[in-house]
Amino acid sequence: MDISEILRAVRDGGLTVEEAEGKIRYKPLEDLRFAMLDYHRELRAGFPEVIYGAGKSAEQVAAIAANMRKNGAERLLLTRATPELAAAVRAHYPGAAHCAEAGLVVVSGPPVPKNKGRILVVSGGTSDLPVCEEAAVTAETLGHKVTRLYDVGVSGIHRLLSRADALMSARVVVAVAGMEGALPSVIGGLCDCPVIAVPTSVGYGASFGGLSALLTMLNSCAPGISVVNIDNGFGAGYLAGMINGR
Amino acid sequence: MDISEILRAVRDGGLTVEEAEGKIRYKPLEDLRFAMLDYHRELRAGFPEVIYGAGKSAEQVAAIAANMRKNGAERLLLTRATPELAAAVRAHYPGAAHCAEAGLVVVSGPPVPKNKGRILVVSGGTSDLPVCEEAAVTAETLGHKVTRLYDVGVSGIHRLLSRADALMSARVVVAVAGMEGALPSVIGGLCDCPVIAVPTSVGYGASFGGLSALLTMLNSCAPGISVVNIDNGFGAGYLAGMINGR
Amino acid sequence: MDISEILRAVRDGGLTVEEAEGKIRYKPLEDLRFAMLDYHRELRAGFPEVIYGAGKSAEQVAAIAANMRKNGAERLLLTRATPELAAAVRAHYPGAAHCAEAGLVVVSGPPVPKNKGRILVVSGGTSDLPVCEEAAVTAETLGHKVTRLYDVGVSGIHRLLSRADALMSARVVVAVAGMEGALPSVIGGLCDCPVIAVPTSVGYGASFGGLSALLTMLNSCAPGISVVNIDNGFGAGYLAGMINGR
Amino acid sequence: MDISEILRAVRDGGLTVEEAEGKIRYKPLEDLRFAMLDYHRELRAGFPEVIYGAGKSAEQVAAIAANMRKNGAERLLLTRATPELAAAVRAHYPGAAHCAEAGLVVVSGPPVPKNKGRILVVSGGTSDLPVCEEAAVTAETLGHKVTRLYDVGVSGIHRLLSRADALMSARVVVAVAGMEGALPSVIGGLCDCPVIAVPTSVGYGASFGGLSALLTMLNSCAPGISVVNIDNGFGAGYLAGMINGR
Amino acid sequence: MDISEILRAVRDGGLTVEEAEGKIRYKPLEDLRFAMLDYHRELRAGFPEVIYGAGKSAEQVAAIAANMRKNGAERLLLTRATPELAAAVRAHYPGAAHCAEAGLVVVSGPPVPKNKGRILVVSGGTSDLPVCEEAAVTAETLGHKVTRLYDVGVSGIHRLLSRADALMSARVVVAVAGMEGALPSVIGGLCDCPVIAVPTSVGYGASFGGLSALLTMLNSCAPGISVVNIDNGFGAGYLAGMINGR
Amino acid sequence: MDISEILRAVRDGGLTVEEAEGKIRYKPLEDLRFAMLDYHRELRAGFPEVIYGAGKSAEQVAAIAANMRKNGAERLLLTRATPELAAAVRAHYPGAAHCAEAGLVVVSGPPVPKNKGRILVVSGGTSDLPVCEEAAVTAETLGHKVTRLYDVGVSGIHRLLSRADALMSARVVVAVAGMEGALPSVIGGLCDCPVIAVPTSVGYGASFGGLSALLTMLNSCAPGISVVNIDNGFGAGYLAGMINGR
Amino acid sequence: MDISEILRAVRDGGLTVEEAEGKIRYKPLEDLRFAMLDYHRELRAGFPEVIYGAGKSAEQVAAIAANMRKNGAERLLLTRATPELAAAVRAHYPGAAHCAEAGLVVVSGPPVPKNKGRILVVSGGTSDLPVCEEAAVTAETLGHKVTRLYDVGVSGIHRLLSRADALMSARVVVAVAGMEGALPSVIGGLCDCPVIAVPTSVGYGASFGGLSALLTMLNSCAPGISVVNIDNGFGAGYLAGMINGR
Amino acid sequence: MDISEILRAVRDGGLTVEEAEGKIRYKPLEDLRFAMLDYHRELRAGFPEVIYGAGKSAEQVAAIAANMRKNGAERLLLTRATPELAAAVRAHYPGAAHCAEAGLVVVSGPPVPKNKGRILVVSGGTSDLPVCEEAAVTAETLGHKVTRLYDVGVSGIHRLLSRADALMSARVVVAVAGMEGALPSVIGGLCDCPVIAVPTSVGYGASFGGLSALLTMLNSCAPGISVVNIDNGFGAGYLAGMINGR
C-alpha cells in the first residue's frame, strides 16, 4: 500500500486519519522520499550501475549481473575486472566489452548523447596507464569525449608544454601521477579549468604506496585542484563526467 | 622589442633572418606564449588576484596592495587576514571589506554577472565555520550564489535529511567537516552533483590535526567526491566556482 | 500543517490526494519520523543536553544556555569548561556547579533515580585525573553510582590487585591510562565486565600525544575491552552509563 | 597442602604459627585468590573457551582441543579457522560446527539460556561480511539473539534509514565498516544504545589497511561509541554479549 | 588483623579453620605477599623515592615531600624540576640540592657505599647536555661513579676515538644523541659492555622530535645496545645503576 | 616549417607579419627552445639513455630497445633488470652486458674519455651490495673511475678507519647503508668531499623498509651530505658522475 | 712491518725519523690500536662469532663457515637459519646444532664456564616463542643459565604472579611480547633487576607489525626497562648475557 | 711529546723500543692521524668555522666566539642567529655582519679567491626566502658566486621557464620549496647539473611541517637530484660550495 493508496483510502473513508498517520510513520523511508532520488538517477541518460570488482568472486559478480539483467538494467560498469569476472558478466550481457588495460568491463547500452566539453586525461609516466585508462573509459562510458595525453611528466616539462593546445581546450583535466606527483600542480598553473588529481601507487622507496604523491597533490599551491584516492581512476573519471555534464 | 616588431623588422629588412631567429629563441618565454594565458585570465569577469596572508607581515601586504593598485587591479582577495593585514590593504583600497569570520579581505571591483547555478556550503559542526565562510565568501566574490547549511553533522542525520531541498537544488556542494569527517560521504550518496570535501583541523585526540577527516574523505565510497587540503576553504570555494562556471 | 492536519483535509475534501502526496513528500523529514526519536530522548530520565566547550567563546556558551533555559531544559553538561564558560552558564542557570578538575559544568535538574549497578573509574597515574573526573562526573550526572580507584598503574601491580573487591563488584569499568596504556589489559583479565579504555595524552617522548596508549589498548588480548578517543573522558562516562543503564 | 590443610595443621598443633605463615606467603598466588575468578568464569552459563587460530598449526590446535576434552570443557570457540584447523578440532569434538564465512569453529555444548535483548550487527558493504559473521556467530554462541543488517553503508543512507525499526529495537549494535568507516557515527546518532565500532581492513589506496576507518570511528562525535581493533569481529561479538548480558 | 594474628587465633581456638580461610582470601594482597617486595626495596642501600616533576604543581610536590618526610624517607629524587618545584621540596628537606642543568632535585641521605664499576655518559652534542646530566646525576645519587664524555658526535669521530681509554674502562655506557642518533652504534662497536641508548628530541626538520634518533638506535647492528624513551635521562641513569650494581 | 623558414617567408613576402606571429605562437614549444637542451644532451660524451626496468614487461623493453636501435642510440642503461629483460635488450643490442648483481644491463658504446676524479662507493653491510653495484656500474658506464669499499659499517668503525686513504683520495663518495644508516655521518666527518647518502631497505623490525636509515641520513650533523631515495643506487651513481664531471 | 719493527729500525739507523713517521701515519689504523680490542674479544670465554642468516644464500653461509673454520674459530652462532643454511654450516662444522624453533645454528665449542646469575626469558603468548627461543639459546650459547616462563601475558595476570619465585630470583629478565606489549611494564614493577623488552611482530589490525608493542615498551613507567628492535631475540639474549656477565 | 719527538728519542737512545711502542699506542688518536685532516681543513681557503645557533644562549655563543678569537680563527659562520646572538659574536669580532633574513652572522676574514662556477638558488615562493638566503649567504661566505631566482614556483611555470638562461648557466642549483615541493623535479628536467633540493616547513594542513615536500623531492623522477633536511639552507649552501669547488 503506497502513499497515494493510503490517501485515497482516507478520502474514501476506508482508513481513519489515525490509522493512516500510523501507516505513514512506519513505512520504510525510501517509499516516502528517496525513491524519488533513485528514479531521478535512472532517468539520467547513460548512467550505468557500477560494481566494484575488487575482492568479489566470479560467482558473486555473475549473480549481480543476472539480477541487473532481470531488472532491465541496460548499462553496467565493472571495475578492477579480471578475465574471469569479465566472463561472469558476459554470461548475462553477451555484448559486454572488457577493457583489460583499464581493468573495466563495460555494457554500454543505447547510445549516450555526447556532452559538449572535452575531458583531458594526462599522465606522468607509462606505468600510470592502467589508472588513466580506468578514468578515461569510465568517462567515455558516461558519454564524454576524452583526450589522452600520456607520459608527459614534470621532469621533462617541454613534452607537456608542447601540448598546450590540448590543455587549453579541455573543460576538465584528470591528472594522474605517481612518484613525486607534481604533475597536477604544473597543469593547474597552466590551464584554468578544474583539475582532478589522481595519485598512483607507482614508485618505490619513500613513495610509500602512493602516499608521497597524495601529499604532494593535496599541498598544491595552484588553485582549482582536488584529489581522489590513490589509484582511484574510476572515481576521477566519474567526477570528471559530473563536472563536464554540469 | 616584441615578436611583431621583430617580424616587421625582418619584413622591412631591418633584421636578417639569423638575427631574428636568435632574438626569438632567447626572448623570455612568456612573451611568446604564456602572456596569452594571463591575458585570458584578466579578461575573465570577476577574477580577483589572490594573496595568501598567512606568514606575511603588514608591510609586505601593503607593498603588494600598493603595487596592484598601481597596475590597475580592480579586485583582490586576501586570505588568512588579521585586522592588521586588513588595515594594510585598506591603505590602498579604502573600500576593502574585512570578513573576520572567514579571515578574508575582499576588494570586489565592479559588479560581477551572477553565475546561474547555486553552490551549497555544508558543515558538520559550528567549529568548522571559519573554513566554511572562507569557502563561501570566496565563491561569492567570484560571482556565485551560495547557500549555507551549517551544523548538520552525521551524528544527527535527520538535521541533514530535513534539508533535502537544499541538497537537491545545488550544482556543486562544498562539504566541510572535522573530527570523523563523514559528512561528504553521506552527502555524496544523497545528491548527484560534484562534492568538494574539505577536512578541517577541528577535533582532538586521534584527529591528528585533520588527518583523520582527510583519510575518511579520501576513502569515501560515494562517487563524485574529491578532496582539498586540510582547512583549505579558499581552495574549495575557488574550485566550486570553477565548476559552477563551466 | 502537520501530517494529521493533511490527512484530515484529505478526508474532508480540502485537499486532493495528489496535493496531499506532494505535501508529505516535501515536508522536512523530522516531522515525519525522527521527532519520535527526540521525544524518546527527552523522556529518558536524567539525560542532560551536552555542550562541547572546547573552542567556544563565553558569548556562544551564554547564548546556548539562554536558549536551553527558554526551552525549559532542566539539565545541562558543559565539557572542557573554563571558569569563564562556567560563569556564562551560571548567568542563566545560577545553580550550575563547576567541577574544575573534570573541566565540567553541571546543571543537575531534579533528582535522577539511581541505576542499580556501579561504575568503576580506574587510572594508572595521578596525571590522568582530569580525564578520570570527566568520566566519573559525567556518569554521576546521568544518575550512576561511581567508585574511583586512582593511581593503580601496572608498574606497581599490587596496588591494583589489593583492590580486587572493587574490580569484582563493578558492572562497567572505565580504565584511564597514558604512557604505555597497559592498565585496561590487566583489568580486562581480572574482571569479566565490559572495560572502556581511555588513552590519555599524558606522557613524553615516544608517547606521541597518546598514540602509544591508544595502540596498546586497541591491541589488548583481553576480551571485553573497547576504546574511545584520546582524553575523551566524557565519551567514556556517557557510554559507561549507557551500558550500566541497560 | 592447601590453605585449609595448613590451617587445620595449625589448629591441631602440626604446624607452628611461623611455619604456617611461611607456607602461605610462598604458595603460588592462584591458590589463594584467583582460582575464585576462574571458578566464577566456569560457572557462567555458555561461556566457551576461546582459541585464537591465527598462526597456529593443526597439530597445536588438535593438542589444545584434546586437552580441553580431557578436562571436560563442553564449549569451545576457535577463531580464524581454516578447514584444516576445523578438522583438528573435530578429531576431538566430532560435533564441532565450522562456520566458514566467519572463520569460526564452534562447539556449542548444552543449550544456553537466551539473553533477553537483541544484538544488531550492521555492515557498510558486502566485503565486510566475514568480520560481521565473526561477531554475529560469536554472540550467538554465547547465547544471544542477533539481527543481521548488511550492506547499508552511509553513501546510500536511505537503505539504513529504511530499517529504523531494527535500529530502534537493538540493545547493542556492532557496526562494521571499512573504507571511510562512517557507519558507526550515523548509527550512533540514530539510536541510543551502545555502539561497538569495528574497522575493517577492506579498502584500498589511502585506507592504509583499516587505519582510515579506525581513526574515523575514534573521532566520532556521536556519544555511545567505542572501538575495537581492525577486523576484530570476535572481540566485538564477545563485548556485545557482555553488555547485553548485563 | 594480620596473618600471624589470624594463625595465632586458629591455634588458640579463637577462629575456626573456615573463618580463617575466609579472612585470608579476602585480605588485601599486599598484606600477603608484596610487602616483602617493598621491604626488600627499602633495604637496598641508596635507593631514593622518585617523583616525576613534569606536570605537577608546586603544591602537589610540596605535599608529596611533606608526606615522605613524615614517613621518614631519607632520600628523594625529583625529575623535570623547575626552581619552583625545588623550593617546594626544600620547604621539607632544607638540604635538597637542585641540579638545574639536569632538572633534578636531589636529597642524598646518608652516604651510599660506592659501587665498584664506572658508568660512562657520552653525548653527541652540547644540546644533549640536560638529558646527559639527568642520567649522570641519577646514577651518582644511586651511588655510582660516573665519567662524563660530552660533545663527541660521530661527525667528528676522532674526538670519540681519542678517548678510547674512557670507553674501554666503563662497565656500562649511557650514549645520548639527538639528530641522526648514530653515536650508540659506533660506541657499541668499540667497547663490549652494555650500551644504553637515549635518543633526544634535539634536532630539526625530519628529526620529528627524536623519532629519527630513536629509530636509528633501535636498528643498530652493534650487539649490546638497548634503547629507552626519548629524552629519558632518568631512566637510562637508573638502569645503568641497576646493571652496574649487579 | 621551422622558425628560419617562417622568417625567410616574412622577409620574402610569402607570409604577412600577422600570419607569421600566429605560426610562431602555436608551434610546439620544443621546436622553439628545448630542442637545444636535448641536442646538448646528445652531445655530452658517454651519456646513455636510461630505461627503468621495474614493472616493465620483456615485450615493452624489447620495443624500446628496438626503437633506440633504429634511432641510432649507441648507449643504453636498463635498471632493475631481470634475465628476461636482459635477453629482450640483447635481441637488439647483442653486445649488451648484464650485471646481475647490480640489476643493470649496459650497452657501453664507443669508449668514454675517463673523468679525472675518483668516485668511492662505500657500504655498511654485504646485504647492501646490489644497491652499491647499481651505483658503481652506473658511474662506470658514464665514464668514471670507481673504488669499491664494502662491508665497513659503523659498528666496526676500525674497518672504515683503516681505509682512510681511500676516503681521502675520493672526489665524491656514495655511502650506502641500511638498518641504522649511520655510515654517511661518519664518512662526512672524515673526508671533505660531497657525500651522497643512499638508504637501503635492508633491515627488519623498526627499520620500516628503509625509513629509519633515510631519517638518519637526513638528520646527519656532518655538512656535505645529501640523500637520494631508498635503494636508489642508479640515482646516486648518476649524481656522483654529474658532480665528478663538474 | 709492524710498529716495533719500525722502531727497531729507527734505533738501529735503518730508518730516518722522517721515514718512520711516514710509515706510522699511513699504516692501517687497526695495526696501531684496534687490534687490541679484537684480541681482547677473542680472549673472552665463550664468545662466538655471529652470522646474520637473513637474506644470505647457502653458498654465502658455507663460504663464511669455511673461512671461520680455516681461521680456527671454535664457536659460531647463525641467526635466522633455515634447514638449508644449517646444512651449509654443517658441511664445515659437523657438530653444529640446529635449533629450529629459535632459528639458530650453534657451534658450541669447548665448555663455557657458567656465569653465576640466572637469565629469565618471559613471554606473553605462545606465538612469541620463536623470538623467546632465539634469546634463550643465544644466552645459553654464551654460557648463561636460562629459565623459560612462557605464555604468562598480562590479560591473565595471575599466571605471571604465581611464578613470583622465578621473577625474584632472576638477575636479568628478557620480556618478550607482541600485541599490546604490556608484559615488561608489569614485570618491571614486580622485580628490581634490568628488564630487556623485546616487541614482536605478532598481532593483527592496529599492531602494525610490532610498532604498537614497541611504543608501549618505550613508554613504560617502570624504571629499569630498555628496549631492543622488533623480533630481535638475538640482541636481547646477547645483551642479557653481557649484563649477567658483569 | 709528538711522534717525531718519540722517534728521535728512540734514535738517540732516550727511549727503548718497548717504551716508544707503548707511548704510540696510547696517544690520543688525533695526534697520529687526524690532525692531518684538521690541518688540511684549516688550509682550505675560505673555510669558516660553523656554529649552530639554534638553542644556544648568548653566553654560550660569546664564549665560543671568544675562544675562536683566542685561537686565531679568521672566519666564522653562525646559523639561526638572533640579534642577541649577533651581538654576542660582535663583542669579539666587531666586524661581524648580521644577515637577518638568512639568520646568519658572518665573519668573512681575508678575501676568498672566487670559485669559477656559479651557484643558482631558486625558490618556489616568497615564504621560503629565509631558507634561500641561508643557503645563498653560506655559499657566498665560502667564496662562491650566487644567482638568486625567487618566487618561480611550478604553479606558474612560465615564470621559471622565462629564466632558462639562469638555469642553463648554473654549475649547481639549490632548489628550495615548501608545500608540494615540486620545483626540484621540474628544474632537474630542465638543466643537467646537480640539483640540491631543500624542503621547507612552509605550508599548512597536510604539509605536515615539510614532510610532504621532503617526500616529493625524494621521489623525483629526474636524475641528478639529492635532498637535504627540512629548512636546512646552510647544509645546501655548504654542499653546493663543495660541488662547485670540485
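Brief remarks on what is shown
Residue numbering begins at 1 within each chain, and the chains themselves are lettered A, B, C, D, E, F, G and H in the order written.
By our rule, contacts are C-beta pairs under 8 Å (C-beta built on N, C-alpha and C of every residue); 3 or more make two chains touch, one makes a residue touch a chain.
Just so it is clear, the structure is predicted and the values come from calculations on it, not from any experiment.
By residue number, more than half of the contact pairs of E-F reappear in one of the listed pairs A-B, C-E or A-H, namely A-H. Chain H has its Cα centroid 39 Å from the Cα centroid of chain B. If you average the CA atoms of chain E and of chain G, the two centres end up 25 Å from each other. Centre to centre, using the average C-alpha position, chain C and chain G are separated by 50 Å. Annotation for chain F: residues 29, 33, 37, 161, 164, 190, 205-207, 211, 214, 218-219, 229-230 touch two or more other chains. Pairs of chains that satisfy the touch definition comprise A-B, A-C, A-D, A-F, A-H, B-C, B-D, B-F, B-H, C-D, C-E, C-G, D-E, D-G, E-F, E-G, E-H, F-G, F-H, G-H.
Listing the residues of chain D that touch chain E in their complex gives 3-4, 7-8, 10-11, 13, 17-18, 20-21, 24-25, 29, 32-33, 36. Across the complex, chain H meets chain A through its residues 124-125, 153-157, 161, 179-182, 185-186, 188-190, 203, 205-208, 211-213, 215-222. If you check the complex, the residues on chain H that touch chain B are 126-127, 158-159, 161-165, 202, 204-207.
By the touch criterion stated above, chain G contacts chain F in their complex at residues 26, 28-30, 33-34, 37, 54-56, 60, 199, 201, 210-211, 214, 229-232. Note for the complex: chain B touches chain A at residues 33, 37, 40-41, 44, 50, 117, 164, 171-172, 190, 192-194, 196, 214, 218-219, 223-230, 234-236, 238-239, 242-244, 246.
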